[in-house]
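Paired with chain B in one complex and with chain C in the other, chain A is shared by the two complexes that follow.
Entry: the complex of A and B
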């Protein structure tokens, strides 16, 4: 390439060293990489703000109401205002009866915000896990669109195990259901990984196809006359309920009012595991090498095919885990409607991974944003005076769509910023 | 030659974040001259030309064409000013004919919509004859040689009315024969009144073709001097800023036992073509065996097969006494091979990895880099710090992204990784491709050192000069076979004949 990509002095030597550093390469690809890096935190933030701004315009046009009022209502609906309710309260330590002082109000009957926040965090769990499912494959250079199928596979497995085997001790039952759900998710994604490794079938195609297979297997299993349809109501296409023992412990909030289950800690741990696996294990090293440059990985002695398979399987584990936790934590059953339309959590997971830039912290934060939006715009929370409920949940989907669009175009945003800066310099 | 400058660059300064790529560079081009722009990689040659061609906007400075100040907002402005640029990587459409490619975006039309193909071909034929290009306008671009494709690019510029041509490293992709033809064409062009800026870092060709030479170093102009009377040593000193050894000093070799043996090797590439046909060779301890040949005669496949990256059709490969035929890349590296790949950006480095991570590419899964699958980044960094110092890698530390280094420093990282594993045989494929004088000197010296330390070195290169100056034995490869073995004293002409199959035909 000679010095088309030049700019880097071969020898920043003694006498006439150029000012400043020296390993900057102004090739097109180099520039994009540098912009990407420079835009590390700023761009996702900008993207989000832009999406909200345009969403606000839509609110203004369609309802004629002040968008800020709407956003304030969504914020309060999401329960994030709970963090503003500072006082002197106490909290019960998990798994014990001891109470310790705590700055925020955890008494659900007093605080609506606490209840809302629990709902937000319940949604946060699968969003983070399906986000990780997308991100891990992405780090290996693959685009896993199949989170929904893997999530469903895990959920189906968990509901089957959770609703059968009465008499098993709770903790064993939970572990069995969660591990089996994760493994089925791994298997489901592993099929796509195997196909890519063996015959080069593109993972985008295969994972989409596997999504549909999972959906219709679910419809078959829980539909009328299906093998896993419930035993008591033959006219309702729904599974049996999960038994009491394998339900996950609620550690915050009222179990009857859908409090926050311990899956929250599993999702937190998954974020840590994700980071450690990628950055502190040889497996992660291989996955990243293959993701950045498969040819160099092969030259280095790394099996590219093996890593395609493993990375997909690990991705699927995260998604399957999400499905199992949702079933054992708060859904307790699946009906065919959930399978086909309503449960699209894993697709939001793609947006979470994109906005979170495939980093652990980013995914945690992006998950919170989307969870808050989902809960904050649910019809239960929004005052019809402020905002028409029909538009409410659509606004969420719209903002999600806008974020994905802008994330996809962030290179463009950076380019425009760069041009603007140039123009300023020229005119100055 | 007319003394009136057709093009003047005055005090061009171009800054990028963290670096001044061009610092107050001035240059004037006289009508009918070949003006060479010489400098190491990263000296700012391409930046300067991109400024001239409207791809970058200078922060300071002025461009004058035929005495008039011009603002180059885009390549379109440059073309309107009569400037044509031939990039190193051609921008041609392979499935279209020569004529179609040349008239693209400026097509002669009938009724304003239909392409008048005959008129296009006719115009191209006229141009081609005027400048003695010997090119068939009806040929499809994918069917003609690289040298001819380059001429198509030059014709394209002329067709658009250029009388100032910028050629960016034009000989990098050519065989010695094709380069000679190019120089003849350039002679014709300048006699017809064209003015040419010739970008290069090859000293001999600059002296051969140029009338004047401007040397850039680290973004600044060092000097403009007449090529007549200048020497390679003088130019090298101006480029690098210190004395440079252009020839490697090495003693006689004392080869020991064979370390790498290839016996009757057959290799088929991805498309099912047999690229290596019954090749045998041997590399002994303490010798450099050079494999010369024109690009595409099976050198790449030979190396990939030896290093376990391409499946062996038939034959045997032995490293020491170990049979490594058909094993994977990891196994053949472990058997004692070190491999400097021909494309360091595509294969030799993970550009988005840090230097520390790149240096561990073969050893990340063994101690001390890792244990039980657990990676120790501190170990990687410590090892990198040691190696970067030992191999004099500049421009970054262990945590620097490999893609941020200059080509020469990237190659030093590859070299460090391969040599540090203490291989018995070092396979170097085009180890100095795209490097500048200073880096080439380093790589050559290091290869000779490794040979003196008792390793076997298999050097595959398209640069005859490199083969001649480093090798203890020279093998010539043609159409997948070794067609001749030469002593290091062989002349370029002898090798050239063998490289084009001449030797084989005579022997047959």
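Entry: the complex of A and C
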């Protein structure tokens, strides 16, 4: 609960009003604690169902189409139906020739379901990473809306390094581009963290401003006459292409078209790193302490300012990493339209973090949900006979909004549950 | 009247500092049309250098006498005046004439500032009552869409405005319900409203207008023609035919100030935003006041959006507000939650947008970079370099009735 409330504005040195437990709706908070112990999945699950239900109503009312058919088409467009076909197959372990049994057929990478799933997982990577960026700051009591700017900073850095320095060995080039991209992301978020730590500037405002600065800097860099515009076509506002060496290896799918790149494992690793950092290190302990109650943390000898800065910088590292991996994995270039559009993935990251309740597993699953929705409603994957993709992608945005709205108000869901139980008790 | 204004007039070192700031601006101004085009002789770097140095000296004097912030401001203005003035002397007269047309610049500034002003006034009401409103963006967007939709289908711009106001009120009501009754995090809730508005307007826009976009024969909000002003020097071209909404925006600013600071209603709104418990103790309904303020903010923001679609560009596109709501939020903060200050900041943002429109005459890419300037300025203001902005004490905190 206090995770979500951490976003409320705070002035340093101002007396804290009790929040979380205490006099803040104690009965509801008590109930919430029970639900948390029960796995904390009730609210996100109910929220998602409710959001999809309302989305279905919208489909029904505005177009008269059967919402279930539409959802089924989106599901198939996302490639998740690939998981439905279970058999006894095997898979090669990475870095070896050993093959182990696997329930799904990975050798078939050209079937429609497999190709769609590859697309979904490609989107899953930045969604998880930007989700982690939001979640880490949340755990420190901050709301990082700046994922867009941090993602862009990482992407710009990666495309610059990736498209220059020919002759560098592939692995060195990749590491250089990825690390530099992450660091620039960290720096971009660090500005907001620093301002919060030093003068108490609200991170929501500063990160929104940093987003727009990043967008315009991006448009400037790759626009006509910009310093990073491509060398060959002076009339096209696009960057140079990433060279062949620093492109990430594709391990599942057609390398010539678009397959799943190794960034997938980086995102998986990031989920683990996130969990370990928060739950098994001193830094994570301090970050969470500040997130729960900055005054108490200060009293306990924890430097609140330092943790604000560090949490934002780590957040930015995740988002910058997302940008770098997207560039080196499948985009290979940025044009000025991408600057504003592709980076919107970071806003979905906010929904991912909120729905995933800022836990590693939750973010992984919520990321899959939103990645599937995004890909399933894309023009390429959704059958226009069943539902117009342009409409469906707006439906996705709507569902995202509803999810964020309801997750933010878990009191509502708990209240409904509470009332239901009371009614049961009365009738019994 | 004069007696009441007297305490506000700066004296001593403060007056010197303000004089320094104005002198710094003068160093740049003399190198711009109409001055620079009328007297060719002034187009030499020595002139801005001398005037700018005067500004720096005035600033330094003010700093020594203890007026640190304004003094530094004057010194910065002086240096900036020298730099910009020098650049202006290097630029061709033709370019200068093309870019710096003051009356056109100011008229454009008013046009760009209008949606910001409406949304910012809305933001001020909402935040003064203690409810953070980052949903301004979504409310602007809904106003823009439903305004043009109603204007098109009902063939009346007035009904368009009404529909816009209603849609803004509806989104605001949702925001208010989640923020006030459900005590959800207001930033998360506001963010959700932005998503919702983006999805709903985009969905309906495509469903209704499809790929062709909005038709071109939509009734527009009319301009106000003041023919008696036509022949006035300078003022005529600016104020002669402004859109009705621009005049409404100006009226809204004055009204907002009056309501917030000169009426019991305003006192209640501010009390609820500063110390809700105390307000409730004296019999003010915190919930009702906050609901009213948030809904009002939705209505105002949506009117700004409607101006955008049926007063300014006369079409609608998906996500056409493109972050203006967030700028309005910045305007609220930089404006210290005060209507007149916020309106001044909105004009500043509007001016930089107007200038950015014309700068491509010099360099396409530099003009693009210029677009980032307002955001950098906001960052600097929020960082507390230029004055500290102090939010209402209870903004963003849910309140539980006793």
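We adopt the following convention: the second predicted complex is superposed on the first by the 360 of 428 C-alpha atoms of A that agree within 3 Å, B and C clash if a C-alpha of one lies under 4 Å from a C-alpha of the other, contacts with A are read in each partner's own complex, and residues count from 1 in each chain.
As a working rule, a residue touches a chain if its C-beta (ideal position, glycine included) is under 8 Å from a C-beta of that chain, and two chains touch if they have at least 3 such contacts.
Predicted model, so just to flag it, every value in this text is computed and none were measured.
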item: Contacts of A:210 with chain B and chain C, given as first, second, both or neither; value: second
item: Which of chain B and chain C A:301 touches, first, second, both or neither; value: first
item: Which of chain B and chain C A:175 touches, first, second, both or neither; value: neither
item: Between chain B and chain C, more extensive residue contact with chain A; value: C
item: Contacts of A:288 with chain B and chain C, given as first, second, both or neither; value: first
item: Contacts of A:394 with chain B and chain C, given as first, second, both or neither; value: second
item: Partner chain(s) touched by A:63 [first = chain B, second = chain C, both, neither]; value: second
item: Doubly contacted chain A residues - partners chain C and chain B; value: 4-5, 7-9, 11, 23-25
item: Residues of chain B touching chain A in the complex; value: 16-21, 23, 39-47, 57, 59, 87-88, 168-169, 172, 201, 218-220, 240-241, 307, 309, 328-330, 333, 339, 341, 345-353, 357, 360-362, 364-365, 370, 373-375, 377, 394-396, 400-401, 403-409, 434, 436, 438-439
item: Residues of chain C touching chain A in the complex; value: 132, 134, 174, 178, 182-189, 191-200, 202-204, 206-207, 318, 323, 326, 329-330, 333, 363-365, 368-369, 371-372, 375-376, 378-379, 382-384, 391, 393, 395-397, 400
item: Contact set on chain A toward chain C in their complex; value: 4-5, 7-9, 11, 14, 17, 23-25, 58, 62-63, 143, 145, 191, 195, 198-199, 201-202, 204-206, 208-210, 212-213, 216-217, 219-220, 223-226, 347, 350-351, 354, 388, 390-391, 394-405, 407-412, 415
item: Touch list for chain A against partner chain B, complex; value: 1-13, 15-16, 18-26, 30, 33-34, 279-286, 288-289, 292-293, 295-303, 422, 425-426
